[in-house]
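Dropping a structure here in structure tokens format, bear with me for questions.
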Amino acid sequence: MIPRWQPRDPDWEDKVRRSFARQTVMALIGATLTVVRPGAVEIQLPFRADLCQQHGLFHAGITTTVADSAAGYAAFSLFEPGTMVLTTELKINLLAPAHGDRLRATARVIKPGRTITVAEADVFVRREGVEIHCARMSSSLISRPEA
Amino acid sequence: MIPRWQPRDPDWEDKVRRSFARQTVMALIGATLTVVRPGAVEIQLPFRADLCQQHGLFHAGITTTVADSAAGYAAFSLFEPGTMVLTTELKINLLAPAHGDRLRATARVIKPGRTITVAEADVFVRREGVEIHCARMSSSLISRPEA
Amino acid sequence: MIPRWQPRDPDWEDKVRRSFARQTVMALIGATLTVVRPGAVEIQLPFRADLCQQHGLFHAGITTTVADSAAGYAAFSLFEPGTMVLTTELKINLLAPAHGDRLRATARVIKPGRTITVAEADVFVRREGVEIHCARMSSSLISRPEA
Amino acid sequence: MIPRWQPRDPDWEDKVRRSFARQTVMALIGATLTVVRPGAVEIQLPFRADLCQQHGLFHAGITTTVADSAAGYAAFSLFEPGTMVLTTELKINLLAPAHGDRLRATARVIKPGRTITVAEADVFVRREGVEIHCARMSSSLISRPEA
């Protein structure tokens, strides 16, 4: 996760952390923001029995939830002051069953833009101490003036 | 939601309902399975303050979670006996802010297949009694022999 | 293809037809613009042996090319005067082998917007007089001031 | 483009080159296969005035066509003998206007599989001697027994 981009807001790190803290669904599922760099964010999520699909794996929607937040904050870290971030679209390929004791989502900006920023995220599931690449996502984030 | 497809498993409705009941994340977020037809499923999710992104809207990951389950079960309802369903990829366009008191995801199979089934879902958010089309998703579901 | 949207430019039909005529790749492959409505466009492409992948079917890229142009012009028909259209992302599910004597792509706007418009396209391949649904695409189109 | 995967067919390189030579659309547009490695392929396409959208840039469908072939052959290079490859879905983010004198698409396998292989491609456009990252694609490729 080597940052390639320059933030345009000196408050970039704090604004990401404050915004993440307001995402109530992150507290509900138990996700934590573990790394914040300019254009790159990591989120971790320990396994819980109430985050599963029908076979006891992390639900694909939960995998997507952490990947989406990571990508959104990777983008937001590069946004100008006075703006907010919204996901306009995302696509995720689920590469392996999300069977393990922790998800780790790492996201990075591929292309920053005034209006649309494109980001990507990889999700790894840890099983018996080894991380398996279980998902890859791309998404578009739009910058809007703060309400 | 007019079913266009013939189920290949006489147990199609019960197996969908049983499998949904095992998706623990649906109970965590408070989602319910409201319609099951051959190749078509509806899921509803009332608003809760702990399902939100930073501005108090439904988190895009939660919108995706209900859309993904609806599409997965739309596909599963057409699968042969002795098989299970996994999402291999999904793409969602977020069309409007998910600001309201309930999400309703309706999914349908676009193309059933022996290996890959393609499904779609629309998500509507209800605001002051009116439903707004807030997301549209397409996904690929794979049929695997039951473990 | 029932139009649901109101054009914001009285020149909507002519500007779509003029712009299509400037897409040189449409002439190269032999595609024609067959229907233009507010927010909805149809393009047809007869089979030619030089449009194929390795098994003699229409190449997925050619299927995508006609679907993308149809969706782009469906969006452009609703844009304000003095703007141009660019695709920012597209996703296509290939539902059946594109084996036949003609492609027909029909596109429609799902959600118009000031900045981002979301559109969809279906592609049908005609084989022995019967149309088969061979692809479904969603895309995001951005409106930019004309250069 | 460092190969990370082992081919399962000793004929991997020749079968990719033979199959590419049968993609008639590659000859039509003037694309050439410039690199073939296990799980990684590069295709180049010089600019021509008949490959354009309405503003004289490479059409997004043409960008997708070379990205799709590159990803398909990256996957095919890892397939078992006696199989063929089909794209089941692809998503592409167009990151910058494809304005320049050559496209170069590099693709690599992200996750090989018995049924579904996931691949990615980047497309670069060369303008005044400098390459600009203009597109990023992910796709799913399915392995089928040869007809």
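In order of appearance the chains are A, B, C and D, and numbering begins at 1 in each one.
By definition in this document, a contact is a pair of C-beta atoms (placed from the backbone, for glycine too) under 8 Å apart; a residue touches a chain by one contact, two chains touch by 3 or more.
Worth saying up front: this structure is predicted, and the values here are computed from it rather than measured.
Novice: From the centre of subunit B, which other chain's Cα mean sits the farthest off?
Specialist: D
Novice: Count the touching C-beta pairs: is B-D or C-D ahead?
Specialist: Contact tally favours C-D.
Novice: Centre to centre, by mean C-alpha position, how many angstrom separate subunit B and subunit C?
Specialist: For subunit B versus subunit C, the centre distance works out to 28 Å.
Novice: Between subunit B and subunit D, what is the gap in Å from one C-alpha centre to the other?
Specialist: 33
Novice: Could you tell me the distance, in whole angstrom, between the mean C-alpha positions of subunit C and subunit D?
Specialist: 22
Novice: In subunit C, which residues are in touch with two or more of the other chains?
Specialist: 88-89, 91, 93, 140
Novice: Spell out the part of subunit A that touches subunit C in their complex, as residue ranges.
Specialist: So the residues of subunit A in touch with subunit C come to 88-89, 91, 115-116, 140, 142.
Novice: Please output the residues of subunit C touching subunit D within their complex, sorted ascending.
Specialist: 19-20, 22-25, 27-29, 49-55, 59-62, 64-66, 68-69, 84, 86-94, 97, 147
Novice: Help me check something: in the complex, which residues belonging to subunit A touch subunit D?
Specialist: Residues 91, 93, 95-96, 110-111, 118, 120, 133, 136, 138, 140.
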